[in-house]
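Here come two complexes built around subunit A, the first alongside subunit B, the second alongside subunit C.
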Partner chain A sequence: MSQKRQSKNNESLNNTDLKSAVKECVRYLFCREGSKIPIKRAEILKHLQSVCETPSNQVNNVIIEANNVLKAVYGYKLIQVDAKSGVQYIVVLNEECNSLHSTVTDPQQRRLLVAALTHIYMSGGPVKEDDMWKFLAEAGLLEENDYAGRKLLINTMTRQMYLQYTKVGDGELARNVFEWGQRAIEEVPKMYLLKKMADAFDKSPGHWCEQYKEATEDT
Partner chain B sequence: MSSQRSSVGSHNRKIRYRALLEDLSTLEEANDEQQVERTAGAVKEVQSLLAEGGVEERVKHPGEGYLDSRVLRATSDLALRCSEAVSGNVNTYDKHELATHIRENPEFWELVFPREVPVVSSLFGTFAPTPPEQRARKPRKRVEKQQTAALKAPKTVDKLEQTEEGSEMVSRVYRFISKACRNGPLSYFRLVLDPDSFARTVENIYYVSFLVRDGMVAIDVDEERGLPFIKPVPSSQREERNAAGENQFIVSIDMARWKELVTAFKIHSPMMVLKRD
Partner chain C sequence: MIYGHIHQFLLRTIASRGVISMTETEKILNEFEANIQASVQELVKDINEKIKPFEQMIKIATDEFTVEEVIIFLSLGYDDATKSQNVFSATELEYFRILIEQIMTTATRQITGIHAVNLVSKMKSSFTKMDAQKLLNVWCRMRYLDKDDTNYALGVRAIHEFEGYLRQNMPDTIEECCLCKQIVFRGYNCPACGLAVHTQCLNRYLEKVQKWPCCKVEFSESQLDQLNCEGLTQTQHLEATQQSEEYNTVVEAVCDTSGDEDQGTQEIIPEISQRITRKRKRQND
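== the complex of A and B ==
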């Protein structure tokens, strides 16, 4: 009899433990998300273990629960990304939303990113590095030989998973190409960009039929 | 003769392969139509090269096969890219038009993505981003080091230049003997005995023994008189004597014997008067 009560006690204790772990997990994801750098599952695990002593077999449940809280309270959504170094998460909005311009993001960088993503999408495939630099220079966003600026695309935006920077071919024919990263795919509906294009050039989105087809498949 | 011809042919073919590869790697810059044409041309030329060689030659020169495969690979890469470009060309996207628009309307392209999490910033902000106070570093305690005592170590001797004290005396004795023996061998006892000092006698015997060991002097027993006589050995004979192993003799002397000998030889003054340190 007494044993039964004990085990029941343990269970309820576990429940309060788990609840606080979920809260901690939400807090952690909320704080980490701002950098846009993917959050590794291992990092969440480490944090929860050190702060709440969450057993590692419970971590998946905690993350699922935390995702529910993020969705309900903030309208966020966790996206799982399987990388070579293990499972990672990025945080995006659950629904499309017309957010305000952030005062924190550097407008120059944002233009650079939008231009790069639009150019890749409109080109209909991976864009060669050299082609990208030429385009950005023509758009007045990046000087021809601004290597520090190039690093922004090659390193930062690639890490944030807006862009993907990969090498194709080998030997003398090897080239680096840019593609959309996972985060861009999640955050930017193609139709949204196409409508912006239509606005800019006073055309209907259907004017670019290939891209229009892709955008409609996307949604 | 034929094999020579074949290797020359193979060499020429390899050069042509390399030229093709070189050509293909610069093709990137050309426009699409040219790319397609030149790629096709390269494939044709490779085919003719392959036909020229024949199976047997290819076996003999595997390098050709390697280059052939590389050309093939490059051309297929290019073909892939061309086809990609073609499907891209169908669309009406003009990147120059877009670039110009971006240049002229930068604000228009400052977009916020629909599913992007808006950046959260706290109403009251963070703490003022002043750098942390620089705390003066505690100066490190200086520990006065004790002067280490000079290391005791045996003197390293590069060359045995310093002759030992004893050997100096030995060479003096040798010089004396060789001078004294100009007129023939000397009586050993007359030479070593010092009537005034037993110690010096022992010392003399000691020095002479070294000379004998080194074969510098010889002591022979005179047949007529039955007494040992000493004489220096010229350097030319030393080897011989050494080889014969005759470089030992034993002398025992004590106080009583010394006195006996001194009286027997009627020695009143020492023969060997040496500068002693």
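== the complex of A and C ==
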């Protein structure tokens, strides 16, 4: 057994082994993608080692190949995210897509997210936590004392990297603010949000010139 | 047509939605790009070639009940990779298994909403009825379940995705139709001889003869109503009524508002009930 491993480590993976490892990696990434929670590199490594005995020095190649498959077949790509606990990946759209497809699991959550992202975008910078709650309450999306709903933004959507929730300032001046998370930056088209705004207010997207500039520069 | 953007878009959309009707698919595709040079069938065929190695498949089928043509995304493997999903927790999946088993072993292949939430008492892990109700709503949206006024039955996605799984892992829970020999997900057990038959097969048969196809006993509509009422066995019924007298009203309220708009306001309730169970547990310790 140890000899087998040794020899495997020394030579590069033969083609069939590599192929099956890539296949396994794609399946694993796809299954994990559903929850939108970042996937730790260590978890991918562990899965590949237990299922197809992929030597650890080959894992990088397997992940690169799997990323190519994701792009070619699904139009997704891997983005590397550096976290305190080590390297993680998120699966995002390879190219911005003009329509956000709805998730069935929780349409209410999707509405909250789009509203929160739009509010941050239209404000032109980080949004203070209190302002966000006030906005969502006025929009009729989240009642003022709905703490479970707030947790969705603070925990779930932040973990999924749609939002970034950070503390700024010290002492009495310390505030928590919301910004766009990396996943949102990668895959939510600003023009899409701006067009929604324009529809809602019966204006043209160019009405908000700064936002319009930002949206057109993006693409 | 060369595999490209439209294929990827269609694949992603179906995979994230689970089930989409054919008419909606055509609408979504047309919004995405005008004048697509291929039919949905052709696109699906191309996609299937690409995703076959990953044990996934898109299937065009007819929903037995709505009789609409639907497109379903199927994940066919059952191994470490599919188990690694973390959309649903292990506890939630335990509830799902118990639910499916119960539906499949009930003579009418459907169970009442109250019975469904009361199944939490059969679970090893602790799980509140409110959580169960929320999940039932989610699974209905994902088309794993279908719900009429009062009863839950398996949805079109579960029927196509779990056939292999059920044959392998719960062979005791499945019965084949006495007419077409396919697994009965939506149908009845004959009140006289107990053999299973699809609702659709039965209806087709009844057009010719008003008898049960299996043992040729006279058929009447009232038998089906009776089967529906007997859906709960005596003991289960007792259990259910004891446990849920107070809860019934709450569940009904939740069921009535299961349109998505009200979800947000309900979110806070399970939180509270969770806290209560946890506290109680600690006191017991």
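Methods note: the second predicted complex is superposed on the first by the 197 of 219 C-alpha atoms of A that agree within 3 Å, B and C clash if a C-alpha of one lies under 4 Å from a C-alpha of the other, contacts with A are read in each partner's own complex, and residues count from 1 in each chain.
Just so we're on the same page, contacts are C-beta pairs under 8 Å (C-beta built on N, C-alpha and C of every residue); 3 or more make two chains touch, one makes a residue touch a chain.
Source: prediction; values computed, not measured.
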item	value
Contacts of A:149 with subunit B and subunit C, given as first, second, both or neither	second
Which of subunit B and subunit C A:73 touches, first, second, both or neither	second
First (subunit B), second (subunit C), both or neither touched by A:97	both
Partner chain(s) touched by A:141 [first = subunit B, second = subunit C, both, neither]	both
Subunit B versus subunit C as contact partner of A:28, first or second or both or neither	second
Subunit A: partner with more touched residues, subunit B or subunit C	B
First, second, both or neither for A:50, with subunit B first and subunit C second	second
Overlap of subunit C and subunit B interfaces on subunit A (superposed complexes)	30, 34, 76, 93, 97-99, 101-105, 107, 141
Residue ranges of subunit C in contact with subunit A within the complex	3, 5, 8-9, 11-13, 15-18, 28, 31-32, 50-51, 53-56, 75, 77, 79-82, 84-87, 138, 141-142, 260-261, 263-265, 267-268, 270-271
Residue numbers on subunit A that touch subunit B, as the complex places them	30, 33-34, 76, 91-93, 95-105, 107, 110-111, 114-115, 118-119, 122-125, 135, 138-141, 169, 171-173, 175, 184, 186-189, 192, 196-197, 199-201, 207-211
Complex contacts: residues of subunit A adjacent to subunit C	23-24, 26-28, 30-32, 34-35, 37, 43, 47, 50-51, 72-76, 93, 97-99, 101-108, 112, 141-143, 146-149, 152
Subunit A contact footprint on subunit B (complex, rising order)	21, 24-25, 28, 70, 74, 77-78, 84, 87-88, 90-93, 95-103, 105-106, 108-121
